[in-house]
Amino acid sequence: MKILIIQTGGTIDKDYPKTNNGYAFEINEPASKRILENAFPGFEYEIVSLFRKDSQEITREDRDKLKSYLLNHSADKILITHGSDTLIETAQFVGNISGKAIVLTGAFIPERFTNSDAAFNIGVAIGALNLMHEGTFIAMNGMVFLANRVEKNANTGMFEKQ
Amino acid sequence: MKILIIQTGGTIDKDYPKTNNGYAFEINEPASKRILENAFPGFEYEIVSLFRKDSQEITREDRDKLKSYLLNHSADKILITHGSDTLIETAQFVGNISGKAIVLTGAFIPERFTNSDAAFNIGVAIGALNLMHEGTFIAMNGMVFLANRVEKNANTGMFEKQ
Amino acid sequence: MKILIIQTGGTIDKDYPKTNNGYAFEINEPASKRILENAFPGFEYEIVSLFRKDSQEITREDRDKLKSYLLNHSADKILITHGSDTLIETAQFVGNISGKAIVLTGAFIPERFTNSDAAFNIGVAIGALNLMHEGTFIAMNGMVFLANRVEKNANTGMFEKQ
Amino acid sequence: MKILIIQTGGTIDKDYPKTNNGYAFEINEPASKRILENAFPGFEYEIVSLFRKDSQEITREDRDKLKSYLLNHSADKILITHGSDTLIETAQFVGNISGKAIVLTGAFIPERFTNSDAAFNIGVAIGALNLMHEGTFIAMNGMVFLANRVEKNANTGMFEKQ
């Protein structure tokens, strides 16, 4: 098994700013890298950073770039890390791509935090990638959803089956 | 989705001994509890502790007890945390149980450690449980194996497809 | 030994916002509480939250409130956690108070982060409180400074002896 | 300020064994190294590993070696990390050395654990080293003791003033 991992940004990769007087987070190195360094993975993987954005700032151009990248890459198992706010929108924009299993995930608490959900979520996504051969899925809250059968509950922030 | 989680012991649950002059680890509270407290789970779960053993000390009686417990419980999605040394043996002993998806996992580094693989592994197992309806599987090294198609490489400690 | 610990805010107590779409950090429960819960302390302590502010937002009124609180409290060993930007200003405003050893500290990375300096810094401050009987000090970068003999290097962010 | 840090072993440096079927901990790289990498230290330091032993296994020869090392080294501020069981014995064996401030510390939970007291303890010791010019001290439980005025409570494991 070989997995292509694509960073797009979001909470999972938020880090404490190095600059003085830092106010907000900054999106930094892919958290997936640190997680897999501790994971004793039995599969091959490659991590690519396409962009590092809060998911509310991801544009139509960014999504076009992501989709082109996916269409032109030979990988058949792909993990995309993404901010949760527009994760569903991106997943549906990507849609199904013939011969590719794609799973999008993210985190509610950055991987840098001691109480983060990031390693668990990356695990759920990779568990799904082991078993899926085609289709675009979302792994959040320990659940695996079809990209077009999920909504984010505006009150709780939880991803739920539609 | 509802998942029954069964603790049997192993590295994943090893904790630092509270007693003075502690030399070896002790197997303590289920690590799965702490992991899921940070995971914002969208599924229901129940954690049961059947035993707390180094997997090399698990006996035929223990495995009988585990199998009886599985057969008599109504749960159809079950996660078993287990030491890695005899994890395959237990999985094969349990075998397939009609109507139940069972995934065994563990860890190479205890969940209490900052560099543990436990949260990731629990994630992989739960990712697999989302998608499987029947059969007994092993989730280790980020891979999901059929219980009767896996071996542990004696040199590397890695789980590999047989 | 008994130590009064006063929270004023700053990076040390920054937490990930619970609200959806959270952009910046929020200053939350005192990190000193979590640190001391793991520290097996042999001294008594009480934690008081006076305010929870980014140190650049601390006003003259806040500092008056802090100084009054110190003057009116019977504690003779006091640890103040504070944002680093105006930590020196607050320390000098407080000045020496007869019969009281006061140490201000903070962190460059929030205690919630896996790579935080918070526990170390709280340790340095408490090490100093063990040995000092009077005076106001700053414990940052593993160094203990007199409040009126320290400056923050604007380029590096490091606290240095003046 | 320049601090010489000497590793002798003990709980603080216990790590999970890399070998298969590992039962007990192994004493590995100095935890002080990882702690100071996150600490933004404003002082110079050098870390030396003299031995890596459970403190109950430290012999008279080991203590002679340590004392010789201290006597022959030019450092005037020294931090010794040590197992807690015989930490007092070693401190008293070293005794006062003219012109040197020496602080011994350790941990009740290894630095590798998420709930470790190691970073805090190293902080307390370094806080004390900032202020002391001569004498041998023990920093444990957030307290700084003179080496000949402390005992370990056999029931609680806590270090207490004698």
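Here the chain labels run A, B, C and D in written order, and each chain numbers its own residues starting at 1.
Going forward, a contact is a pair of C-beta atoms (placed from the backbone, for glycine too) under 8 Å apart; a residue touches a chain by one contact, two chains touch by 3 or more.
The chain list, named the UniProt way, goes like this: A, B, C, D = L-asparaginase N-terminal domain-containing protein.
All values reported here derive from a predicted model rather than from experimental measurement.
A.B. asks: Figure out the least number of contact steps between chain B and chain C, where 1 means they touch directly.
C.D. replies: Step count on the best path from chain B to chain C: 2.
A.B. asks: What's the distance between the Cα centroids of chain A and chain B, rounded to whole Å?
C.D. replies: 26
A.B. asks: What whole-Å value do you get for the distance between chain A and chain D if each is reduced to the mean of its CA atoms?
C.D. replies: One centre to the other, that is 43 Å.
A.B. asks: Which integer distance in Å separates the CA centroid of chain B from that of chain D?
C.D. replies: 37
A.B. asks: Two or more other chains in contact with one residue: find those residues in chain C.
C.D. replies: Answer for chain C, listing residues that touch two or more other chains: 109, 114-115.
A.B. asks: Identify every two-chain combination in which the chains touch.
C.D. replies: Contacting pairs: A-B, A-C, B-D, C-D.
A.B. asks: What residues of chain C sit close enough to touch chain D in their complex?
C.D. replies: My answer: residues 1, 35-36, 38-43, 108-109, 115-117, 119-132, 139-144, 158-160.
A.B. asks: Under the touch definition given earlier, write down the residues of chain A that touch chain C in their complex.
C.D. replies: Residues 11, 16, 20-21, 23-25, 54, 56, 85, 109-110, 112-115, 154, 157 of chain A touch chain C in their complex.
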